[in-house]
Amino acid sequence: MTTQVDRPVVASDAEQAAGSARWAHRHLLDVDGLTRADIDLVMRTTDEMHEVLGRPIPKVPALRGTSVTILFYEASTRTRVSFEVAAKNLSADVVNIAASTSSVTKGESLVDTVRTIEALGADMLVMRHAVSGAPYLAAEVFGGSVLNGGDGWHGHPTQALLDLYTLRGRLPGGSLEGRKVVILGDVLHSRVARSNIWTLTAMGADLWLCGPTTLLRGFEAWAARGAAGRRFTVTADVGAALRDADAVMALRIQRERMAGGLLPSLREYAARYGLTRERLRAASPEVIVLHPGPMNEGVEIAPDVAVDPRSVITAQVANGVAVRMALLYLLAGTHHDAASRRELS
Amino acid sequence: MTTQVDRPVVASDAEQAAGSARWAHRHLLDVDGLTRADIDLVMRTTDEMHEVLGRPIPKVPALRGTSVTILFYEASTRTRVSFEVAAKNLSADVVNIAASTSSVTKGESLVDTVRTIEALGADMLVMRHAVSGAPYLAAEVFGGSVLNGGDGWHGHPTQALLDLYTLRGRLPGGSLEGRKVVILGDVLHSRVARSNIWTLTAMGADLWLCGPTTLLRGFEAWAARGAAGRRFTVTADVGAALRDADAVMALRIQRERMAGGLLPSLREYAARYGLTRERLRAASPEVIVLHPGPMNEGVEIAPDVAVDPRSVITAQVANGVAVRMALLYLLAGTHHDAASRRELS
Amino acid sequence: MTTQVDRPVVASDAEQAAGSARWAHRHLLDVDGLTRADIDLVMRTTDEMHEVLGRPIPKVPALRGTSVTILFYEASTRTRVSFEVAAKNLSADVVNIAASTSSVTKGESLVDTVRTIEALGADMLVMRHAVSGAPYLAAEVFGGSVLNGGDGWHGHPTQALLDLYTLRGRLPGGSLEGRKVVILGDVLHSRVARSNIWTLTAMGADLWLCGPTTLLRGFEAWAARGAAGRRFTVTADVGAALRDADAVMALRIQRERMAGGLLPSLREYAARYGLTRERLRAASPEVIVLHPGPMNEGVEIAPDVAVDPRSVITAQVANGVAVRMALLYLLAGTHHDAASRRELS
């Protein structure tokens, strides 16, 4: 994995122009603000964390004395635990707050909750919230670093970065340049899709979004106004999308979408858009199959595809720990000595 | 902060008479049993913990090998996390039990739960319970130390001590003697108020309780029979209460009180008793604004008051960690070697 | 406690024939697969852990770098916390997942959840599930060790082993050979009973199952076909069961069984089968009283019996930590270096 960092993702950025590989972001709210140099730094740091995870005792003292609070307003296993394990592997202290069992349910404002968490000693705040943009609000008041663990339909930056890391590790030469990558399913409600659109097109992929028309609303316009140099196609034609695809990411269909009338039935969805071996025949023989989880097997992905040798779904989860270790590590370097921020007495 | 300990809080106590500063309480169930010497020892120990929290790695090994179980029967963020962080900063091992997800829901008696927690190895038990007096029952059967994290309407001793610590840190000379301190709001249902009444009057404050008459029931009688030397006024007149106040603590209005007919509406409460900048003009220019959290902003406290420079609400939270470290540390010194209590085989 | 390991529990097993005391099981799914040599090894290892628990700092570094995930789909205090404390005492890293607040509620399959947990770095998986057999399914896909913390009505192996350890510690000579042990109550729905039947008869106890006929269904047949050399009586006659009993284990009556019509009422159950001092007079004067908890005092066990000097209920809880330390320790020795199993990139 020796991708050259040679193309800026965002037009003007003094640091990337200088080719610097220093991390300059205090928060990780989404991936749209990351330069290609930033992304490459995350990838290289993840390689190092990957090496740490291979040790008999997968721990380093990098974040000793750093307090990480994980505040989740939505149910989660993989993302919450992944951050917890990542933080502990770096020797940070972790506090878990599940909003359903906290005083958050007493109607306290998000801003007050965040101020409280900081006053309790948190240096870094990982949060998931049902409302798009909530982590941005948190970042305005929190003195340390905020990491977005998923906000509404908006963004899921660590997922996009672990997907990217996983793809780079599997693609010959570790490059996405010109590779056809398909995101298949309920794009409309997917924060995973929105974050992946940024990173995948930034790395030069030929991105296709595919799903029922009702679940693609608004994305045609996004593709049309596209960023210079980004390739981005939106279609309801699953055959066209999968043809010669190098990678396919199936998105979770959320059952509660049925009620809104956006989908006829799970059975019909599975018949028309489910990722089956049959459909995968149109793709490249070495197609890489991804899914952010949790899966509805038999709906958006067939059970045999989920465990097919071409599936990297389990690797995505394992890489998620390494990517989050890298991000916690990089962000921790950007804020001042934690103790100096604590207001006491 | 060099307050002299010169006046006993409770009439007769051999230890305080001797001027000793040794801690003699195995449990912290409420503040009414603390002598002024005890309180001062807590304050001085908190100063030391405050210093620890200012270090790059805010940890000391004081409670290594001590197991602290946090058993909360009510939702909480700040108190639960504050105890957890405090215990971990002292290198204790922490076990969290949220009653809603434990076998407590299977109808086991509190006494059996406490015996079980002790047999599982707990040396210290922090508990919050909806029933007033529950920690007293727990203390009768638990072999280690019980710390009350809030019981019904009865008491919240660590909150009162952190409020006291915060006030002392802000008042000139660190003394409450003769200072007018107002507790404003739903005093009737407030364990925070009840514990603060003890500590504030014990430290010589001129205490005023203010709120709608329906939410002050019983307190006039308490004030009337008062302890010798304690100043304690109860009034529904918010203007009289705030006049020249040195500190005002707004209490949370719990929305569920509306149903009981004790309050007309939140809007009316806010209009008549909400702590606004307008109302604060009657107070001392250096008035200190406190709130135990979580806040209903716009109800018992105006949003601009909550973040006013005179507000110490965030400092209260930060001080809470230091006070709880001090209390865990002091209590840990009072019971025998933990291992000797464990009944095995 | 010097019980001789002299009788194989299961007919043919090369290892036990050789008298070896090496642990050969990767998982602990139930006790029916354990040889008498295995059980004795667990008991002896528990003695060692017991000694560790008696130290001022009850910790050893045995499982440093090992990640233990505790995945509970049912509410629990004692079993969940017992495993957590046991793992931490061995210096393992512990991740708790309560299914009610995890993405498990999003409909992910158990197999996918287990694969995810492994990819997140877990070396050992402790699980409780409402469906009998669920841990067997988990063990088929999990690369590390699975420990059953209770599955449906089927099994609760660590409970049976801690019961056995507790009984051995109290019986003269530490032997159950020929001792009359009574399991009293709702045997039908009890995983505790099912696992105890295996270990107690394997160790040579004269086992009696007693309860209302409706709650003994199927066990007469089990007793009749019995294993060679196992003594196993099933009766609804509580007088006959308790006569000269050396030990009585009262089982929890689950209130929800009433609805199914299997029990007339809690009051009638208590009157006919509740373990009272009166009833215990028929037993041996040194009868040992056990209960797996949580207790419905006044129903299946009288409050005074629960705290009688003959009750070892608290010791069961304390021994549970030592037994689980022993099991985690033994199982950890059976799988390859944890890091080598992690699939990355």
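Going by the order they are written in, the chains are A, B and C; count residues from 1 in each one.
As a convention for this text, a contact is a pair of C-beta atoms (placed from the backbone, for glycine too) under 8 Å apart; a residue touches a chain by one contact, two chains touch by 3 or more.
Being a predicted model, the structure only gives us computed values, none of them experimental.
For the pair subunit A and subunit C, the fraction of shared interface numbers is less than half, so the two copies use mostly different residues to meet. The angle of the rotation superposing subunit A on subunit B, based on CA atoms and rounded to the nearest 5, is 120 degrees. Per-chain Cα centroids separate subunit A from subunit C by 41 Å.
Among the residues of subunit C, those touching two or more other chains are numbered 101.
Across the complex, subunit B meets subunit A through its residues 50, 53-59, 75-78, 80-82, 84-85, 88-89, 98, 100-101, 165-166, 169-170, 255, 293-297, 306, 314-322. Subunit A meets subunit B in the complex at residues 64-65, 67, 69, 93, 95, 97, 101-109, 112-113, 115-121, 337-339, 342-345.
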